[in-house]
Every structure is written in C-alpha cells, then in structure tokens.
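Could you have a look at this structure, given as structure tokens, before my questions?
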Amino acid sequence: MRPSNREKAQLRDVSFEMGAIKNAEGSCMAKFGDTHVLCTASVEDRVPPFLRNSGQGWVTAEYGMLPRSTNSRMRREAREGKQSGRTQEIQRLVGRSLRAVVDMGQLGERQIVVDCDVIQADGGTRTAAITGGWLALYECVEFLRSTELIKSNPITDHVAAISCGIYAGAAVLDLDYAEDSSAETDANFVMTGAGGLVEIQATAEQDPFSESQFSELLGLAKDGIAQLVQMQKAAIA
Amino acid sequence: MRPSNREKAQLRDVSFEMGAIKNAEGSCMAKFGDTHVLCTASVEDRVPPFLRNSGQGWVTAEYGMLPRSTNSRMRREAREGKQSGRTQEIQRLVGRSLRAVVDMGQLGERQIVVDCDVIQADGGTRTAAITGGWLALYECVEFLRSTELIKSNPITDHVAAISCGIYAGAAVLDLDYAEDSSAETDANFVMTGAGGLVEIQATAEQDPFSESQFSELLGLAKDGIAQLVQMQKAAIA
Amino acid sequence: MRPSNREKAQLRDVSFEMGAIKNAEGSCMAKFGDTHVLCTASVEDRVPPFLRNSGQGWVTAEYGMLPRSTNSRMRREAREGKQSGRTQEIQRLVGRSLRAVVDMGQLGERQIVVDCDVIQADGGTRTAAITGGWLALYECVEFLRSTELIKSNPITDHVAAISCGIYAGAAVLDLDYAEDSSAETDANFVMTGAGGLVEIQATAEQDPFSESQFSELLGLAKDGIAQLVQMQKAAIA
Amino acid sequence: MRPSNREKAQLRDVSFEMGAIKNAEGSCMAKFGDTHVLCTASVEDRVPPFLRNSGQGWVTAEYGMLPRSTNSRMRREAREGKQSGRTQEIQRLVGRSLRAVVDMGQLGERQIVVDCDVIQADGGTRTAAITGGWLALYECVEFLRSTELIKSNPITDHVAAISCGIYAGAAVLDLDYAEDSSAETDANFVMTGAGGLVEIQATAEQDPFSESQFSELLGLAKDGIAQLVQMQKAAIA
Amino acid sequence: MRPSNREKAQLRDVSFEMGAIKNAEGSCMAKFGDTHVLCTASVEDRVPPFLRNSGQGWVTAEYGMLPRSTNSRMRREAREGKQSGRTQEIQRLVGRSLRAVVDMGQLGERQIVVDCDVIQADGGTRTAAITGGWLALYECVEFLRSTELIKSNPITDHVAAISCGIYAGAAVLDLDYAEDSSAETDANFVMTGAGGLVEIQATAEQDPFSESQFSELLGLAKDGIAQLVQMQKAAIA
Amino acid sequence: MRPSNREKAQLRDVSFEMGAIKNAEGSCMAKFGDTHVLCTASVEDRVPPFLRNSGQGWVTAEYGMLPRSTNSRMRREAREGKQSGRTQEIQRLVGRSLRAVVDMGQLGERQIVVDCDVIQADGGTRTAAITGGWLALYECVEFLRSTELIKSNPITDHVAAISCGIYAGAAVLDLDYAEDSSAETDANFVMTGAGGLVEIQATAEQDPFSESQFSELLGLAKDGIAQLVQMQKAAIA
C-alpha cells in the first residue's frame, strides 16, 4: 500500500496553470499533488560567452526552494552565500533536459532563462520543474513568435519527466515525500514526446538494484511521461 | 490622475490567504493588487547567541524576491552569493516591526523566523511583507498555543504597514510600481493596531519635501493602516 | 538629566578639520564629541553602468568602522568577507543624502566616491558621516573647479544630518552612545541648507511613539541642522 | 573506428598503484590510459552532525582537478572561491557510490574522507575516482583493522564504475576525451562486485537515445566493471 | 639625492601618540613622515582553538588601509569580500614580530588583537605597524597589569622595524613612497631592543642584489631600529 | 645529528622529471626527498589589465596542496572558498622569483601561468616550487620558440631556491618537515644562476637570530643553490 493509497502506476493529481506570473514572457505553476513549482521563462538579449557572434541561442535554468517549502525550514541559500550541490545538480539537469528539444539556431542569438522555484515541496520537485519548465518555455517562445522576433518554432518536441522508485519492495510511479524518504531505489527519467530518452538517473538508496527492477521503473516512467505529455498538450491547446 | 485610476487615499485590492503553505506553522499569501508576497512563520528551538539561557525568545525575518517577480528578470541572490543591501535593509525592517508587538518573555526561549518571499512585484513589497508577516506570525503563535507550548499570548497588538508618496505633486496612498518609480517622495509607515508609530522612513527622490507634505503623507498612512488592521482582524476571525 | 549634562536641545562639541588627508581631492575629519569620522572624496573617471554615455555624473558613498572604534572590538568586515546589513544601510543613506544636493549634469560623466570611516565611535556616526561627507565633497568639487574640469558648481545646497531620540521620556538632540543604547525612540533627520527634508528615519526601540513625540523630535532636528549648516559654512569660508 | 583504435568493448590500459602517498592511511593512483586520478583515504575522529552519538560512521568524498590536468588550463577553484556545479556533482556521486558498500555500524563513529584529485585528464575521471577510491578506502580500512580500531570488516563488497557512450553511432566502452567530447549519448554506471546496480546516469548529448541503445550500454558496462573488479582484487591481493 | 633631501641613513620625522583611541585598552598613532598608522590593542577572553585549556595566551594582528589612504583610491576590502594577499602577508608579519617578544605563559589564556589601520600612506606602512603595534601592545599589557589580571610582565623586549632599499644605486634608510616605487631592492628588517634579528625580507625589484649590498642594508637597519627603540622608550616613559 | 642523518650542508635526493604532464606546454615533477611538487606552465593569450597593449608579457604563479599531501589531512581550499594567507604568500613569492629572470619584452604580450601543486609534502615545498617551476617555464618557453611564436629567449638566467635553518643549534641546509617543525630559525633564499640574490626571507621561530648565524645560513644556501642550478642544467640538457 502506498501512503497516498495510489495505485503503483498512478500519478498524483497534476495541474498546470499557464500565465501564472504577469511579468514574465512565459510562466506555469506546475502542481504534482502537494508539490508546487513556479516556472517562469525570461528572454535575455545576450548569450553565454562561448556563443557570442555564433547566431545560436541558449536555454538555461535556475532552481530554488523557498525556505519553508519543506517540512522543516531550510536555510536560505542567498543568505548562506551559495547554492548547495543539490541545487546546482538539479538546475543543470533542468537546463540540459530543455535544451534537448530546442533548435538553438532557430532561437537566434538570445538566451531564455527558465527559473523553477519550489513554493511547496512534497517530493518530485525536479521532475515537476522540467515538465512545467517546458510549458513556461513554450509560452515564452510563442510570445517571441507573436512579436515576430523569431520566425519558425525552435521547439522540436515536448519534454517531460517523472520519478519512480522501489518502495516497500515494489516499483511505483511518481514518489511523494513519504515514499521518497524511505525508497530503496530512486530514479528520475526525462523523455521527449516522441518517446526518446533524454536522461536517466537511478540511485540505490539502500541495497543495489537489479536489471529487472530497473526495467520495471523504466516501464512505469514511459507510461507516466506519456500522460504528462498529453496534459502539456491540453495546457497549451 | 493615478495610473490605476484610484483615489488618492484608496488602497489597492487587498487580500490575505491564511494557511497558504501546508508545511509551515503559520503562513499567509498577502496580495496588494499585483504585489503578491508569501509569508511563512517557522518555529525553531534555538535563539541567537545573545539570548541563550535568557528565557527570552526572538522573532526575525528574511526577505527575498523570485528572479522573475519583477518586470525585467533580477539576478538570483543565491547565485550571486550574497543578499543585496536593499534585501538586508528590508528584512531588518520587517524583523524590527514584528518584534515591536511581541512580548519576548511570553514567547519562551525559541525563535520564530518569518520568511517573506515576493512571488510577483508591483510596488510596496516591504509593507505587504510586514502586514502579511504579522498574520503568519499570528497563525504560528496560535499553533504554539494550541499545543500548549506557550501559555499566554505573546502578541501584544497588530502591526501593519503602508507606503505613501508625492506623485505628480499630490500625496497618494499605497504606491504601485508605476507611481513608485516616478514619485518625488517615497515614504513607508509602520503602525500598531492602537495607532502607535513603529517606524517612519521617508526619502526625497527628487526635490526635498516640506513638513506639510510629510504631514499629509502621515495622515494618509494612518487611515490606510487602520483599514489594513481591520482586514487582518477579519482574516483571523 | 542627560549623561553628558547637556541641555535637551544642545549639540555636542562639533568640529570639522578640512584637508585631513593629503592624498585625497577632498577630506574632512568630522568630530561630534567623541565620535570621529574621517570623510574623503575621490574622483573617478568612470560612472556606474546605467550612466555610461549619458553625460551625467554620480556620487556614491562607502562606510566602515575601524575594529576598535567601538567599546568592545568589532570583527573586521574585510576579514568576515562581507559588509554587514547595517553598514550597507548606512552607506546607501549617505549616498542618497549627498546626491540630493548635486546636479549630476553639471558634474559631468565622472563619479565622486565619498568614504566615511569611523575612527572612534560614540553614537551618531551616520549623521556625522553625512555632515562631514558634504564638506569632503565640497572640497573635492572646488578642486575640480580649480582645475577647470567642471565649469559651474554642481552642488546646489548644503546637506547635514543629526539624530534625535526619546531618552528617559524626553526628546533630546544628538544622542551619544550612552543615550542611544537605551533610547525609547531613535530618529535620524537629513535636511538641506534651505530647510527641505531629505530623509527621515524614525524607529521605536521599545514602545511605539506618538505623533506629538515625533513632532518634538523634528523640531529639535531642524534647529540642530541649522546650526550644523552654519558650521559647515564657517569650515569652507 | 575509435580514435584510440580500441575495440568497442575494450577498456583502456588500467593500472592501480597502491600506497601512492606515504602520509595517507590509504591511497591509490588509478590510471585509465592517460587519465590519472590520485585517491587518498583519511580517517577523521568526527562524523557529520546528524550522526553524532549514533555509533555510526560515515564515508565522504571530495574531488578536484589540477588546473593543468586538462588540455586547456582550467581556473583553480580555490582561487575562484567555489567548487563548480560539476565538481560538486561528481564528489556527491563518488561518496554515494562508496557508501553503498560500507556497513556504517561496523565502521564505528569515525569518518573516512576519500579525496580524488585528477592529475591528468583524458575522459572518465569520475569513474576512475570511484574505482580507485574504493581501493584507497580498502587500504585505509585494512590499516584501521591492523590497529584493531575496528574489529570486523565494514566493507561489504567491491564497487567500481565505468563510462559508456554512443560514439559515431555505435555503443562503446570507456570513453576517452576524444570520444566523450563528441559522443551522442554519455552514460556512467556504478556496480558492485556481485553485479548489483548502484547508480546509472545516462544523458543524451545530441538526439534522444532509445531503450535498445541503453541496453547495449548497460551490457558493455557490466562486462567492463567485472574486469575492473578483477583488477581491484589483484591490486589488494 | 633622495626626493625628500634626507641623508642616506636618516629616518623621516617619527612620532608616537599614545592613547590615540579612548575605547581601546592600548593604542598608538604612529607617524613616519606622511605615513600614519593607527594601532590599537584589544583584549579578548578567548584564544585560538589550538591553545584552549593550555594556559597560554596569544597575540595576533590585523592590518587594513583606508580606501583613500593612498594616492589613488583603493577598493575597500570589506566590499571586495576578501583581504588581498598583500594584506594577509603584512598582518601575518606583524603578528609574528610581536609574538617574538611576548612570553605567552605570562600572558595567561587570553588573546590580544593588535589592529593596524593605515590612515595615510607614504611608504613603510608595515614597519610603522610593527613599531607602533608594539607600543599599543605595551599600553594594553600595562592596563592588564594595573587591573592585576596579569602579575608579571609578559613583554620580554622591544621590537621595532624599518625598511631599507637600494635607490638610485645607493643604500638608503626608511623609504618613502617616491623611493619605494622605484627602488631596485626593497628590504624590511625587524629587530629586538637587544639587537636580535626577528625577520628579514629582502626582494630584488629589478636586478638581483649582491651580498655586499645586502650588508649595507642590514647596517642601515640596525642603526635605524636602535633609534626607533629609543623613541619607543621615550613614548612609554 | 639530523633526523635524516644528512650532513649539515647536504641536500636531500633531488630529481626533476621533465614533461610530467602531457597536456601542458611545460611541466616538471620536482622531488626533494619526500616532497613532490608538480609544476606546469601554461600559455595564455592575455595579460593582466595593467599590461594591455604594452607589448610586454607576464609570468604568474599559483600554488596549492592536495588535501592529503600532509601528515594530517588539510581542508580543501576550493571547499573553504578561499586560499589561505600562507598559500597566497607562497604563490606571490614564486611569481616574483620567476619574473626576476624573464625579459617581459621578449616574451611578447602573453602570460605564462606556472601552477605548483604539492602532491606530497615533507618540508621545503615553496623552494621546490620555485626550482621546479623554473624548469616548467623553461620547457614552455622552448615550446613557444619551437613554434616561432617568440624569436629570442626571454629567460635571462636560472633561478633556484632552498631553505636553511638553525636546527638544534646548528645551521643546516634543506630542512625536511621534522627539522622545519622544530627549527629555531627558518630561512628561504632565492638566487640566480649567476649567484645574484633575488629574495631572502628569514624568520626567528623562537629566539632572535644573530648576524653571524644569518651569514652561516646564507653560506649554506649559496652552495645548495649552486648544486640545484647544475641539476637544472642537467635536466634540460
């Protein structure tokens, strides 16, 4: 039995609120149960140094958690004076995942920054950030196209992500915090709308896992991500 | 004429959503028009060094802005590696204002941290943080009282805050960003429910201001804060 | 009775030593009793990024305290690796106050940095920094005019500052440390030579203060600042 | 054809020099072709705060690259004032991987720090760090056992790691820099001596990868890691 | 000819103002011509970790320059977020030099911090800091002895320092900035009252120097330091 | 008797392995007994700001210690977020020493960075860094000459360094850690191939030292450095 009484292959209630922030070119509040991540996409007229005068654009991501998004208050990274290793790992993952479905030549020499800020956390914040981040990015690109700053669509496909894990000996989809904190194995999958794999991260939290266990997790992820892609399509329809 | 067509002494639409974050002991989403500040209050079983073994408690505040809460994206302070001078100034002000209405002996040797995070900004974030922060603090103290961790109420009064300014030559209440960015004088007032003054900060942005102009601003603030205190009372009723 | 036996409206012994540092374009050692603040003004041939190619100049300020300027030794900020929130608050205040009386177009595209370093502290360092900083700035501008780098005087008026407070129930002028550390209310006023208000900062350290108390403080400040402006005039005569 | 003319499933020349540093309780210079990583293991009589008085030990890792280990000189992280996101990601991975095969209760309340410093880099530094780090850890534990500081062996199994990737359309084992920098997909696998999976990290660098491609990579990794475990056994024989 | 018209073996005008800061247990304003260094000594009831419960005391030093002590304004280290390599080198030298003449057992388990802050710089700030720092330390120790916190005198001898250099081909004593900035060789000597050598630092700024040149510099330093020790004796008489 | 049974004027076994790192333009592993320092020289097509458009080049050095190069593990400076004062002092010394024998006009407007990383430490790391750093620099310059990037040799002479000290009352050459940690006086000498003095640093660790003791140390250093220069010549032959 899962703490939330969900079926093994059942997602939490997922919703995407487009246009959540008035000021941003693109934004989406992504909710996976009690995990709420606010994603915004901002256009900047500059690119990282290695792309200057290349005609190519760039997509990058930043990630943060509000101090009391979590059960016990976390220290504020701005006050600590640095981002934790975990934060950097996640924002690098989100950026890589989004770049996998963007044609940088079509984007033109500009950068889109996708900020993913966790307002409330209950497990699965990085996968919510990727899935919601794609929607913010999409809205931002539509804005650029409406202003004719870019001609053709640089977004080549959907990208979405979900966590899976071995919990109480069974493979389950979309871990919440109660499951995540005692899972034997924890995995995150990022896939495109066409079903291509973009990133796999699987970690044994206790005993090592087997190939067949990994296959089960991958199977769950494929179904879950297919559902998320459908929800993304509904959100931008 | 104000950009928002409000009367000179008219507040924006103000709302307080109590219990906005499930994880926190106290929380409130304070909205002043398009300015949205999420305030949470967290209990910690420790106090600053100068209070150890004193039996006295402490209330402190931290402030942050999401990078895209603003019209053009701000750099993330956690990435910059430090909080700006403005951020520190504001969080010191919020902490002082809240402490003005708390009896630290009644609180017991524990600290309450009030985090004020700006989700969307349209002027007046610091005054919204104080006004909403008091509500989060109140909810947190009620939680402590419900668990009988504290016996009597350490909160001695309401505290609320509002900005005023000289805009296009006239004194107006509750500046939004359009007004704030071109005001001749900008002032913030913090007052208690009983009408006592807790903090005044008035700054000439262009020409110096006169005593009579200042009196007008103070008059507007007194009326505005009285309304905010009534709304606080409704929110906790 | 005040600890120093001064009258309620009596300033401490104030002196301004012009040209205190040989190397600087302008300098002044400002002494308010045992509070000694060394102010220097330095010309730089660059302006902040937002003013580049604008033809406009800029005036900014930095503030520091020597570690043993205080009764018990403070940690050296350079060693701590950051300026405290208090330091940043003060240097922002000094910069704003000085800019209020400078015509940036007349200054030309250059920056004047006013450094205010507390050699010995006995309360009122920020107001001494503003009052002495104006004198260093004046001397620096005279130097620029003597070299014909600037033609007409960009300084439009005097600016000076003083603290007031409610001490032992009474409104008093120019708090020293003994008063400041136990004052019920603490306020700083910045005004021009013409009597215009540039900045008001008033804080209840214990109980809230009333409008009439605030009026008393403002009255004391007006008289005190008028005296300081006379002393500034004498110093540059 | 691979740039190094190796077969698809062929490791580079691998060697492990035990006792490479006289001062350390355990050390190993791990060479995978031109990738040379110096691993040392140090005993500390303290544990992280969350383990104090638990009787449990801890194993952690740190990672660094000498500035000129790489083709073009990298900036020295100690001078930059922070470890990069990549560095932190790698040292977290190395620590997790080693902890997967240590019984913390048997270790006793002490910490072993495994430092992995890249002397020369030619791809695959993180997997060399894990594989060589296990050997340094082993030597360190043997030292502790020889001094009878610990009674029974806390190391429960071998752990080793290797990279694989899709290079020029084909799945290949143990990427060197020439391959790594143009691979379509890059994956790192960490496994135990018993063949259990400890960590999988797979990333599409260009197009998404398929399940069957991933299976090929996993197959290569299993064989490669089995060889590395045999070499570890030889090194400690 | 020296720019200042001094003889080769002639010191600048040197003066020591004892008790320069009211708040400190010991203080001295040391002036070597236009080089003015304010030295204070502060007692702290703690020692560095390696001395806890040893019964031994410690003497340490910190060094700083006011931003406009120099000809062109230096950046404020507190704002830069770190002390420069030069600053750290100097404060380590000052600390070592003072510790050479203190019996740490007699001092008792407490620390004296000697802060040396350059108010105005014209060459030779580090040697002025050592020479003046000894006087501040002496005054501080006298204070501790007057309060009977320490019984016997922990100061075993004087210590003083001077710079010498090869300027325009000739060995000269006590370089000012005009000489220092074009000297071929620059050396600093620290000696005790009894004539023992505590520290020698000699650096070829252009061509290497010879043994005989070095001997000349050492000879000048011995005479200069003997004069400084006499002046220290007069200052504390 | 010296702990190592060496004669007073006897160097440890010294060796220089040229070309120790494949990736670098110049490299040398310098071993003085158990002290092993890896020196690399890297060419950069930029110079410090003060040399831009001057046609002059620059040589600079950086220094680091692997955390477990020492007997007890040191904290990693990259993790601490800053280089220690000792580290900065040493890298400044190495840079100055190397620059003393380079004609910056012949080098052209480029910078050579010499990285000196201590792999294993047993005293005398800074002098090994200078002596080995010169060899890395030499190899790098030969590479530049072979590519005809520079025409004539900018290296004007050898430079080498050695430590000496008063150990158990006697002057000895080339201190190892056992001697260094209990020496009464510790000195480092840097000299050219022609016998010119580049830098002298002598410090009394316990009692002050005398002129005649210093002369003995200098005598030992001259002989030791002459031997090191011969070994450098052999290494590049």
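When the chains are written out, they are named A, B, C, D, E and F in that same order, and each has its own residue count from 1.
Note that contacts are C-beta pairs under 8 Å (C-beta built on N, C-alpha and C of every residue); 3 or more make two chains touch, one makes a residue touch a chain.
Small disclaimer: the values here were computed from a predicted structure and weren't measured.
Common neighbours of chain B and chain E under the contact definition above: C.
Touching chain B and chain D at once are the following chains: A. With centres computed as the average of Cα coordinates, no chain lies farther from chain C than D. Between chain A and chain E, the centres computed from C-alpha atoms are 59 Å apart.
Chain D and chain E have CA centres that are 50 Å apart.
Measuring from the averaged C-alpha position of chain D to that of chain F gives a distance of 33 Å.
Residue positions of chain F touching 2 or more other chains, listed in rising order: 81-82.
Chain-to-chain contact here is organised cyclically: the chains close a single ring, every chain touching exactly two others.
Going from chain D to chain F and on round the loop of contacts, you meet the chains as D, F, E, C, B, A.
Contact residues on chain D toward chain F in their complex (touch as defined above): 21-24, 27, 34, 38, 40, 42, 44, 62, 64, 66-73, 76-83, 87, 113, 115, 117, 119-121. Interface residues of chain C facing chain B in the complex, by the touch rule stated above, are 82, 85-86, 88-89, 91-92, 96, 100, 187, 191-192, 194, 196-204, 207-211, 214, 218.
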